[in-house]
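Going in written order, the chains are labelled A, B and C, and every chain counts its residues from 1.
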């Protein structure tokens, strides 16, 4: 994935990685420098990858990575060019190693590096309110407005003709032209992603960002979390009403209209020209097709094909819903 | 409707209006000055009105307006004193013309005219927190409190003995005596009203306001949108819990009690002495009678008569709901 | 209950209490000083207590209080050492008397006593953002971070290694070590508790607090109300996602995971190791056992035993839900 914002702390010596994983590789020939942690298909010779489920067997066979975090059970699928690093829990181990490469992507403490916009070069090109704060690595286009008490934390790019409301906080986001983000929104914080653990849950890094395409509008009090290993994405001319929650890794197509208090759980993919009524909820890892209409209050717990109207909890074809509820 | 806040940019020459609508009226006798755009029944000789549905036929026959935005199909219902302005889409055209009369009612960019309350006359009569900002055309009664970082944007009237929390933003609202609005609320922003359009949705103006009658309480994190062509209204002694969303044009009666995370969609009318349980949702353009009880989590998708208890999704009589779910 | 924060205005003379209740006790021997108002079992000789329902009969028989607010119908259950104070509505009367003992616990006007953190001793030990405000009776442990525009109002104790986001408001709360509270949260405000009354609802005091145990995380835009007569409690290592509402008196156990936009109504008790899916709602005064899983969108309206998986509205056993919705 593209990752313009999170600084990679690599290269990291393989012996340091092994130490974190509590692995002792007696036949290691060289203390190689590892550049990054990547998935099976995108990793190169100098990366470490991970393989945690049979369903990625075909990808595993072709990986170019020299090292792969995996299990005793799966290790034989890897090519001989790839050294298996055997662990008990692959995802927890991946989380630990990703934290080493991207230490800034684990915690979302407030950005302490921000300064008042009046002390930046933006003071002459942006129309801004009182107490507006700007972090590092921020760009803002022409003809933009930023309301009172709003904080543009680090790693944000805002296009031309954008209007950001008051009391809003944005970080790790790419915002295109003509986007409106209203008051009290939180955009780009890490998602609700962690490994449950009896004494202290283990947060995994979120190295994804939020991408909002041109002409979108985001209503008051909405929260849009950034992705963990991929990005959270909102397509062109999609409008969100107030108090909406978009979880990490969610993708929404173009020209969609989402009414108040809707929630979309992690990693779901919503098509273009979709209309979602107020308070509807979409489960995680669901695919909603193009030109779909979802009635207000619905609970969508399985994939919805293109050109369908659904309603209910669980959501079903709207004709069926109306017939069952006459 | 009463409209104390949005400045009318009129009069506007009829030829300028025709140009925007792409209409060439060859037999126009005079370049008349048009004062306002109003509905069929309230418009006068110097106004332009609009007529987009058969169901307003009787009102159309009696309109006093000299010009009416309408369709080829409907034009013959108008009196001879009213010149039809034939368009493809009446509501889109109304939106365009309303934007000319009320340019401030389309966008809700932050109010850049606010100043710190300590620089206003309110500094001696209001108990206020740090960083409180006050816009133009604001009045505040006796014995009021306004919390930290709260922004009273333009066009707000606050009665006596009101308590506004911190981090709250209010604009275009009339707030009566003894009202409490808690922290993190957004009151008076435009609603989620626009004409969908493939490349860029077309927002229509919201010239309505929010009216909150005396003794009301609004919980933390709630959003109350102002109306588009009418007002959003909350009757006396009605209490709203946290994280509630009230959409544009909604009217709520007196003595009603609305629990947390409820959402009421646009233009619905809720009676007096109504109780709505947590997370319930009311569809748009619905009428809920007086003395109605709506169970928590319900989804109300049709009118509810007076003195009824309902629950479920879709909401039905509570006896029926309990019987069906034994 | 433990009550470290709300100052007790007592002792108050029994004749002053009687006057407020409109009671004339002709045979009162002495104008006793009453220390506090407490429940039947914890009150002592110098307290006033209350007894409003048959189900507390056994406790009533053993109360040590010298005076008890109750009804004509219930008074004979009290021991002879306890003088009954007969009223029409016990809870309204309790509310009035509690307001006299704890006047600060009725209203939640903004805390006007806060000062900028840079003017406090915390300036050298806390990493803080711009415009951070600190009230009276606040303690903050080692290695804490507090984001921009955040307000720690009066009566808050924060442990070590805590990270508080930006635009958040906290009051009347005990927060343990290693807790994260993200942006835009409101923690410790009074709950939605009042006696409905035709012309003006009567708010009752909230003398409870919010207790958040170590290693918890609270997501953006969440609201956690403090308790009325008991505390609102969140156990160790429990994680809340964004836009969650926790009402007054709610108790949540350890190691629980609650997804976005969930709402838990007043006085419900949630066990440990509980998982609640997005947008689920839990009615008030409900008991959810340990190791329970509640599907997203569910509406829980009755007690759920330990080790159960439920889904639906109303929530039922998940096997039943899936079978009924095939």
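One rule holds for everything that comes next: contacts are C-beta pairs under 8 Å (C-beta built on N, C-alpha and C of every residue); 3 or more make two chains touch, one makes a residue touch a chain.
None of these values were measured; they are calculated from a predicted model.
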Rotation in the CA alignment of chain B with chain C, degrees, nearest 5: 120
Homomeric contact chain A-chain B: same or different residue positions, threshold half: different
Distance from the mean Cα position of chain B to that of chain A, given in whole angstrom: 35
Multi-chain contact residues (two or more partners), chain C: 131, 149, 167, 184, 221, 243, 261, 279, 313
Complex interface listing, chain C residues touching chain A: 127, 129-131, 145-149, 163, 165-167, 178, 182-184, 215, 217, 219-221, 236-237, 239, 241-243, 255, 257, 259-261, 277-279, 296-297, 312-313, 325
Residues on chain C engaged by chain B in the complex (per definition of touch): 107-110, 112, 114, 116, 131, 133, 149, 151, 167, 169, 184, 186, 189, 192, 194, 196-201, 221, 223, 225, 243, 245, 247, 261, 263, 265, 279, 281, 283, 299, 301, 313-314
